[in-house]
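What follows is chain A paired twice: with chain B in the first complex and chain C in the second.
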Partner chain A sequence: MEKRDYKGPIENSIEMAIEKIENLLKSDYYLSGRSIAILLLQEDEEIRNLVKEKDVANFDRIEDIIKDTKLHYANPISYELAIERQDEVKDILGRYVKFEKDRISPQEKLSRALMNPLFGIPALLLVLYLGLYKFVGQFGAETVVNFLESSIFDKYVTPFSTVLAARIIPWIALQDLFIGEYGIVTMAFRYAFAIILPITAVFFLFFSLLEDSGYLPRLAMLIDRTFKKIGLSGRAVIPMVLGFGCATMATMVTRILPTKRERIIATLLLALAVPCSAQLGVIMALLQHNPKALLVWAGVILFIFLLVGYLTSKILPGERPSFYMEIPPLRIPSLSNVMIKTYVRVKWYFLEIMPLFLWASVLIWIGRLTRVFDLLINLLKGPVSAIGLPPEASKAFLFGFFRRDYGAAGLYDLNAHNKLDGVQLAVACVALTLFLPCIAQFLMNIKERGWKTGLGISVFILVFSFSVAYALNIILRSLVVVL
Partner chain B sequence: MSVKKIAIAGNPNVGKSVLFNALTKQYVAVSNYPGTTVEVSRGRMNLEGEEYEVIDTPGMYSLYSITEEERVARRILINERPDIVIHVLDAKNLERMLLLTLQLIEADLNVILVLNIMDEAVKEGISIDASGLEKELKIPVVETVATAGKGIDELKKKIGGYGKKRL
Partner chain C sequence: MDKKIMPLSKLDINKKAKVSHIKTEDKAMLQRIIAIGALPNTDITLIQRFPSFVFQIGKSQFAVDKELASCIYVRQI
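Up next is the complex of A and B:
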């Protein structure tokens, strides 16, 4: 065998950096200098330490080259290299490997069908209908929640703690903190245990089943093309699906996206147009007897999701994402595996969320006691009236910020008292879905994206949600639509 | 003359260990790689009077390592300085496995590419021009079905050829 001269086609400035580093590597690493240089550019910690030890004299100069090269690329260098390499592999395969299209196993047929829009999109709709609407929405958010609320909390917990608090705590104002309309027991515990816990448990069960069946990567391939139009790749399917469970958690999961640009777009869309399971449950309950309003709501949210994604991807600089994913085989999920995953996730989520609930109760209590809330509610009455809702709804919007579902539940109360007609219901649900994320997600946005971007997203959403609701109200009213 | 070293590398679940067992009939030792919980098997092979030590490395997807297994596999390549690296891959999944082949070649290692599980690849209607690939990559390429012992003799021939020409 002759000496091989194989070198991949690699873009200029990375290629130049590789050569410069290669020349600075004086020790013997057994792997070629080129190979070590590439690993260094990919910031491989172990190789970095090895070189630091063996090539002490040139190490600082090497580090400078790496820092300098990174500045010239929007994406991580490992990502740039992976893309190049993938093209190279595809080119070789195209010339030396032939695939016959026949002889496909039934499993492979199903797998391909799921990734083909003709069959895949109806299949996706079926999964969403059965999984999210029937199982999470109706079974979790209604049957189980109703049982826990009316049979456990309303019958036992609330009356018992009301009596207890009245006896122990002499001051009415302090009693309110525990058993008032938004008290720790009456609101925080009730919401956490009777609403959030069952809904998230059912959601995570559904999610774990999807995950273990191998459906998610196929869904990622299916919607990759659509997602690319809104600046995301198929990879974003996981945070987006998770967003239907808890958008706060999903924002954290945007870390799996390779570029900053994709992470910003995903964070914005999660905050704006992806309703979380708690919210979804209450919205389903609000709209279930009004399918036309439900359709309007879903249509508007989907439209906003695609429109904002499309516009953001046009405005934000950066390359179109590309996407490559290993597709595991389709299989029947193992029940014990699914149960364990569900349990671990629910437990983790619950421990994260419970303190925030308590804080929300305390903040609302202080806000009400000091009358700051009355002031804010009055301020919100203007925009709320402008979108055609009764002024009482402004309370739902303010409390919605502390937990999005509090807001949705506030609307539920209004609806139960027959204060909203169909158009108002649709407009209110749209506004509330788009409106500022809950305080937990707001904090997560800032934590993950930084002050500027996190606040920017929130201000944008505040203005945007009311503008859309305003426009929707005018359109529906002027078309004399009755929902 | 010292014993030559052969490292078997590749993704997990491509038949590395089956191939390892097919090559080494004697002196197999399994131990944790120093400082890790990753197990590494070593064995001996005699080929036309020449002694080889064969090392079965943990599964790796890329030289750019993420998992502990991958780091151990790479450390073996760096520290054990194998004379020959056999890259085993699943012929059904060339697309995601050929990347590592390119990286190993780029690292200036003496690579033999083994296209394993050829029987299933053929069943799925995949045909590979092995000699074309050999010319393109400038390394020996062997098609095998390690579980049935097919292609092992040819692999041994290529190992022997490497031993004579290059080492």
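Up next is the complex of A and C:
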């Protein structure tokens, strides 16, 4: 490529500095000396450390050249270089590219409407209602789950494996591991294939459609002002929306957030107040005939989300978040792309969680066999009774830790056997949504945020979830609310 | 005489303008603006200001917050 001279004072020009630095670089960097020199002048930390390590002898002289050059420019070198590049690009474009006159296409009109709060916020609510409630909640978590559970598992898989296990496993205790109430086939496989798989598959399909249509950045710009109040920027909608699918995966996606402060706030909120699709499915099923309790649940969770975010952003030190995002044109998603993305995500999710399901079954089996679980369940009976639930619900909370949805599903069974009233249902759903994340998310929190923060978040949630449920129960009861 | 220079956040909607200069002491902010390409002499049009600032440069659109929009100074043309 043609070498281009940078403008500026001749004897201290950027071009001169590049040449001088190039001559001082003696090691091999895989990149050309010129590239390294330009990166050094732009104060790229990574490259600076690399050169400090590799060219020890000349490093001080290189630093002097950079310092000296900076003195001769009013603006940072990276800015000067960006302007030079831009001028060059304009020059080339002007010679070879002709632009059509700008006119506003129908897509552009729709795009602007979606970014205008007057139309955009109702559109957002409609997207959430159709996508999350109708498609994921009703179609995925009810229609498909019911079909798989009752027509496949209850009819064929469970009876067949029960007979088979009874025949080939002589010990009742070991039979329990496979076909007991929390057995590998009866619980782990059933939950994984008949409940979690369809819900997450449908959710990821919805998310991929949203992503490929280019809607997410528009959602981010609509919500940025609100998110700023809780210490996040609009960019954080991506992990937050993903959290409705799988909060564990979403915690990993918090890596796209630029500062540590934002990542901590997002991790905490995901663990505390964003219900995952598996939980949402069961909660919807629990509360579907009780719209008032559903409203109370949703209101409390939203309030806690905003309150905890607001307080955390006040307490945590660090820079305020900044928001900038490119708004791509709206597009009709390509079906094959959407399918591939959904497939890859479901596969990742499944490979990641299936072992945990199996472990959960094994741990529950051991815990029950050794009676450690009875002890823990008894310990939890106190707080569970304090929030106005029957003591049997403590089982749902303990198992909830192994997977959040086990807990919700346990509650579902409890409700089927001994009817809970509306207030109990709302309080239980609030407590379970806020309660400790599942073991997978717990491990992810520690992996992404480190021991101290990860553990700290969990302890906080343990105490906080019961406190909120306790307060909610007292408020609802003393107001004599009937849900 | 040049037309008035003002921060992008004060520019009228759909009026053509050119970036005159960038004003920020914050290096990270400057990097963001460089990444967006809102550099001096670039044509820029503000599309909307609420709830976030959206502007167009060439064929690309960007959404930014008020802090960033206030660092980009423009001249109406």
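Following the convention adopted for this analysis, the second predicted complex is superposed on the first by the 378 of 483 C-alpha atoms of A that agree within 3 Å, B and C clash if a C-alpha of one lies under 4 Å from a C-alpha of the other, contacts with A are read in each partner's own complex, and residues count from 1 in each chain.
The working rule: a residue touches a chain if its C-beta (ideal position, glycine included) is under 8 Å from a C-beta of that chain, and two chains touch if they have at least 3 such contacts.
Everything quoted here is computed from the prediction, not taken from an experiment.
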- Message: If we overlay the two complexes on their shared chain A, which of chain B and chain C does A:78 touch? Say first, second, both or neither.
- Response: both
- Task: Have a look at where A:386 lands relative to chain B and chain C in the superposition and call it first, second, both or neither.
- Result: neither
- Touching partner for A:225 - first (chain B), second (chain C), both, neither: second
- Quick one: classify A:163 as touching chain B (first), chain C (second), both or neither. neither
- Task: Classify the contacts of A:86 with the two partner chains as first (chain B alone), second (chain C alone), both, or neither.
- Result: both
- Item | When both partners are placed on the shared chain, which of chain B and chain C touches more of chain A | B
- Query: Thinking of the overlay built on chain A, is A:233 touched by chain B (first), by chain C (second), by both, or by neither?
  - Reply: second
- Message: Tell me the contact category for A:46 with respect to chain B and chain C: first, second, both or neither.
- Response: first
- Message: Quick check on the superposed pair: does A:34 touch chain B, chain C, both, or neither? Answer first, second, both or neither.
- Response: first
- Query: First (chain B), second (chain C), both or neither: which does A:116 touch?
  - Reply: second
- Item | Shared chain A surface residues [contacts with chain B and with chain C] | 78, 86, 326
- Task: Write out the stretch or stretches of chain A touching chain B in their complex.
- Result: 1-2, 4-8, 29-32, 34-35, 38-39, 42, 44, 46, 50, 78, 85-86, 88-90, 92-93, 95-104, 326
- Note which residues of chain C are touching chain A in the complex, please. 22, 27-32, 34-37, 39-42, 47-48, 50-52, 54, 60-65, 67-68
- What residues of chain A sit close enough to touch chain C in their complex? 76, 78-79, 82-83, 86-87, 112, 115-117, 217, 220-225, 228, 233-234, 320, 322-327
- Message: For a test of understanding, state which residues of chain B touch chain A in their complex under the given definition.
- Response: 63-65, 71, 74, 77-79, 81, 94-96, 98-99, 102-103, 105-110, 123-129, 132-133, 136-140, 162, 165-166
